[in-house]
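Presented below are the structures under discussion, each in the form of structure tokens.
One chain, chain A, appears in both complexes that follow, with chain B as partner in the first and chain C in the second.
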Partner chain A sequence: MTLTSPAEHVDTVVARPQPRRGVSFRDAGPPIALVVIFLAFSVLSDDFRTFTNVQNIMDTAAVLAVVTCGITFVLMMGSIDLSAPGLMGASAIAVALLVANNRNGNDLGLLGVLVAVAIAAALGCLSGLALVLLKVPSFMTTLGVSAVGLGLATLMFNGVQPNITDKMLASWAVERFLGFSYLTWIAVACILVGWLVQRYSRLGRYAYAIGGAEEVLSLSGIRVKPYKVAVFTMAGAFYGLAGVMVTSQLSAGLVQAGRGFDFQAITAAVVGGTLLTGGRGGVLHSTVGVLLVTVVINGLVQIGVSPYWQGGVQGLIVVVAVAAAVLPQRRRNQVVK
Partner chain B sequence: MSTPVLATPAADVGHADKGGPTLGQRLTSFMPLIALVALLAALSIADPDFLTQRSLTAVVRTSAPLVVLAVGATLVVLCGGIDLSIAALTSLSTVFFALWLPDLGGLTTLAVIAATACIGAVQGLTHVLLRIPSFIVTLGGMSIFSAVALVISDAGPVRITDRAATEWLTLYVGGYVPMAFVVAVIVVAAIALVLRLTPIQSWITATGYSEPAARLAGTPVDLVKVAAFTVSGACAGLASVMLVSRNFSGSPTMADNLLLPAVAAIVVGGTAITGGHGSVWRSLVGALVITLLRVGLPIVGVPSAWEQILYGAIIVAAVALTLDRSKVLIIK
Partner chain C sequence: MKFKSRPAVALVSLSLAAVALAGCSEEASGGGNDEAGGSGACKPADVKLVGQVRNESNPYEAAWLDGGDAFAESVDLSQERLTYDGDSTKQQEQVSQLLAGDTECLVMNILPNGDSDTPPIVEQAQEAGAYLVTQWNKPADLNVADYDHWVSHITYNGVESGKQIGDALSEAIGGSGGIIALQGILDTGAAKDRFAGLEESLAANTDVKLLDEQTANFSRQEALEVTKTLLTKHGDDVKGIWAANDDMALGALEALKQAGKEGEVAVVGIDAVPDALTAIEDGAMTATVSSDGPWQGGIGLAIGYCVATGELSMDDVAAEERAWYAEQFLIEKDNVAEYMEPKTDEADFACDNVFSRSQGAIS
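Let's look at the complex of A and B:
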């Protein structure tokens, strides 16, 4: 107690105007880019600047926003998470089998959603545990856990696609409130929760600190490991909810529900200004990144670029964004793995 | 309250510094071969017909593309990086092969391998010059290659009518050993020989074990890394020719499910993911182990859905066993 409170005190009191200004300029980059790109596409395409298309963009961005919320905390710690496809697949199939569906007599409703999210959170916890107990690098544990999740999903899928008949879950993707679908509002709620956790909870604060200087943190007598496991568990819960949202969009549980979302989420977070080395960025940064990526892809399709290029554009964006982020420190980091 | 908390990490670090005992290490280093023999024995007990010339031929024939992929990526892992783009690059080059075959004829194989080697070199240069972590470069590459493959193939398989160009890979040496596997072993032997006879072996090992030290000692670290990515790319090209010779078509997603087995083959072989320790021969054994598992699961009566779960568990377990803990005190 006595150890932590002065540290927090110092953290809030010491206000350094000089670096703050630099950071705020850096933070302003992605939002400015978002506005510029949005205006550019609006000029180029008539279809782009309609309210229906803005609704489309928001609906498309919803799932990615939830996934990115989870991955942001992992990236803030300086770890990496490739487990989204597996966890989303497992939760998508699980929720499709637990709510009213054509495969069995279950009709758990919201409880089913909670169970699916819990399954994904448990898998996320598994990758966290493998990281801290077996000391396996996170990109390997999450690659492994993703395969486990896909395997579980395939086992539950069992050859027959579960179509959902649950009214509540199906309405999420269709019903609108203030012009936007329920899924969009769920994503907004997730971003709010993520931001509150990041800003006000010990978990969020420590996630930053672990990314910034893990050695210092453990030498200061803070047990880092439980927080790492907790961050991976929370990320898993976010992926689980995203899997449920995909099931609601498709009205069916698919093993491939999360295909490509790991890479998209990393792209969005990095574009938003989260550093892969950890210690910088946040949920709001990543949200801007999500919108940026979604607007670019939607805009390119609207001006007539083949949708197959989608992945290629993301690949380019992420490499360029990471390169731009590490450019200032190029001389310092001689060793890059 | 604060004393025990402080003591725990300190004790932890001390423990990690010592590393494992030599006996344990020696046992772990023979583990891939032991696993291979144990698997063969278990499968022949489960199904007495398994240990016949026909099924063994089929196993080594299936394993050939995986061996080539894993061996190429092993060089990158030995340098301390990772190549996640190999499977997507292989898919892309199956499409290249199918599209170029009518124009280039017999030269297509060489053209595809040259093209993928160039693509690998570009990835290596991006990694080295822009100082981007290798897994991000190759993750980006994976996404880009899949997109290019989808666009140039119109998202569907491209059929091959002229089968003469790949016929040599479907032959059998001495009537028993599939040519594809012979080629794979020749590739492994050639890489191993080049490494042994030139200073490259020590350059790679030095880069993998300690990059700053290697740099200070005058090792051309950047060049070694680019070369590793180039070989990895070329191997992806060769693997794609092997796949085409079996499937008679090129497809933008044909090899996508080979990434996990290839990574598993490398780590099961005992190459440390942290770099430095390992060899290409180990990956050959690792690829055979993975292929046996893949072929063997249905024989034992395990549904194929368990295959994925098994890969996941194997990767995590094998990395945990082979990781060089003395080097990385903080695991991200």
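Let's look at the complex of A and C:
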């Protein structure tokens, strides 16, 4: 891109977050991979192509989709976020202790859910503040905040597993609307909200711009820091909700509720076409990535691949899918680091 | 650039200060490794008891440390509770710090993070002259008898427990039908042994068919998802679910609930976590196996304490008591009430009784 002036560049980015032509082809990679893999498994296994299994895939993808929604904004900025396990653990235990449960007399219902999400959002905010005020790389701040979250969760856990008896929260995982569990619809709502924020709000557009060219943005007099903190706070809220969803699924608050979700979400986002270098991709891209990863995991079980082979095969399919996805734009990637 | 490193410098200096303080709190008085045969002559009041597990956020390890406290109280001492968050590096650091202090009458009951974490702990304890009991993890070729301060290594026969719950599952489904197996982390000894136990049980119960085996990495969350997938794959053919630990069994129970099959499929696990015991009491789960966490927390300290005070001489500890399998208990509906409250029995910790639960040497 040649620039006449920095200001003009910002205008371009802010006004048209959807890049130019030729892009639609580039973005088509992951969805095509998803369709191909889905069809391949459908041919290989009768059990895979049933409606029950599609329901199952969607239910399974729900939590990862919400986590990925949050992490996508951070990745778009070119930062990284490893705080999901801690934040999810903290919110999982918090919500389990705030709604009707076997440990105490609380019965806050939906309010309890909101408080748990707020706790996670506050921790996310902490990551953001540490990043912009102390200038610690996001990799380290989020790792530290994750440990803080796990610490909080362990304190609240206090040796006895909180099991939820709250009817509302328990119904999220069990009750269905139009064939899909409430959790799946919550994930759909999150994706919609995420997409609207990304497409129409200043926060979303600036997240793109920060990832694309942060210096240019600050040179044009835009204060970047508040937006960074806001993005981490929003990501925290998404992780918090994901922690609540896991609690609903398991009917219990677990400190380990978010274990492994950080890397799964990053993988899903990258597979979907959200680049780690920032400035590319988005919520819808990442959602395709989530479905791709979930379909691969489910499909390998359905066609009966031995568990000893699965880890390796999963990784291989992900690498191939990513390679295929970036193939159309390889010419544009000057460096592969 | 200079600016950026300031927090790092602050952090480093803080941690240095912490290390220095921790080092000062105990005056170094030299290693006490001069007694013959490793037996000690510590006054009971001088013994320092330390229990170290991964974390207190799982009920089993929390109960383990509580058992250690119960023993410590019975000899008018207190136990230092250490946790290392399942982080091998952190475990080694904690052990090094401990051993940098006064080690003459130090008794450590340690749960090594993995097999490979045991050798450095053992070497350090031996050198410092502390009394060490390890549990669960050790490399097969590391011989306890080669070290006089590594008093004992206790573990459980995973093949046996896998078989016990396999048999209980076969019985619960009436001796015939399809089952699915949820394996643990595939490259751990516990997962391998427990599954080998299931295979032994299947060999004896020929009408029970293993429809599918998948790993859920000992995780409740993963077990939920894997079980849901397997239920859509095999449908009503699934009569029972064998899980290599209770967390996965509880995840499977949730999957059954979500599929509307609660109570129709028998579920078994291992570890006897509180939720599993409640599920067994309610009839939702069929069986689990207990290694008796509180006893594990107490017995390691008890053995070390007995040797440190000289009540038990290392010469009297038989070769087969250096590395041994401890007794484990199958819990079903009829005996679950006895295990609902974690408790220890002081009699188990008496110096002439500390090896009473031995099921033989580790072969």
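Here is the rule we use: the second predicted complex is superposed on the first by the 286 of 337 C-alpha atoms of A that agree within 3 Å, B and C clash if a C-alpha of one lies under 4 Å from a C-alpha of the other, contacts with A are read in each partner's own complex, and residues count from 1 in each chain.
Here, a residue touches a chain if its C-beta (ideal position, glycine included) is under 8 Å from a C-beta of that chain, and two chains touch if they have at least 3 such contacts.
Computed from a predicted model, the values in this text were never measured in an experiment.
> Which partner does A:Y308 contact after superposing on A: first (chain B), second (chain C), both, neither?
Both: A:Y308 reaches chain B and chain C.
> Once the shared chain is lined up, is A:N104 touching chain B (first), chain C (second), both, or neither of them?
So A:N104 meets neither chain B nor chain C here.
> Using the touch definition from the top, say if A:V136 reaches chain B (first), chain C (second), both or neither.
Both partners.
> Check the residue A:S201 against both partner chains and state whether it touches chain B (first), chain C (second), both, or neither.
Touch status of A:S201: no partner.
> Is A:D47 touching anything from chain B or chain C once the two structures are fitted on A? First, second, both or neither.
second
> Given the touch rule stated above, what does A:T154 touch, chain B (first), chain C (second), both, or neither?
Touch partners of A:T154: chain B and chain C.
> Tell me the contact category for A:S79 with respect to chain B and chain C: first, second, both or neither.
first
> Let me test your reading of the model: by the given contact rule, A:S171 touches which partner, first (chain B), second (chain C), both or neither?
In the superposition, A:S171 contacts neither chain B nor chain C.
> If you count the residues of chain A that each partner touches, which comes out higher, chain B or chain C?
B
> Quick check on the output: what are the common chain A residues between the chain B footprint and the chain C footprint?
134-136, 150, 154, 157, 260, 308, 310
> Can you list the chain C residues touching chain A in their complex?
3-4, 7, 55-59, 62-63, 85, 183, 186, 212-215, 219-221, 224-226, 228-230, 232-233, 250-251, 254, 257-258, 273-275
> What residues of chain A sit close enough to touch chain B in their complex?
3, 77-80, 86, 130-132, 134-141, 143-148, 150-152, 154-155, 157, 214-215, 218-219, 221-223, 260, 263, 266, 276, 278, 306, 308-316, 318-319, 322-323, 326-327, 330, 333-337
> Chain C touches which residues of chain A in the complex?
47, 50, 52-53, 56, 59-60, 134-136, 150, 153-154, 157, 159-161, 163, 173-174, 181, 246, 249-252, 254-257, 259-260, 297-298, 301-302, 304, 307-308, 310
> Which residues of chain B touch chain A in the complex?
2, 5-6, 8-9, 16, 80-82, 126-127, 130-137, 139-144, 146-148, 150-151, 155, 211-212, 215, 260, 263, 267, 273, 275, 303, 305-316, 319-320, 323, 325, 328-332
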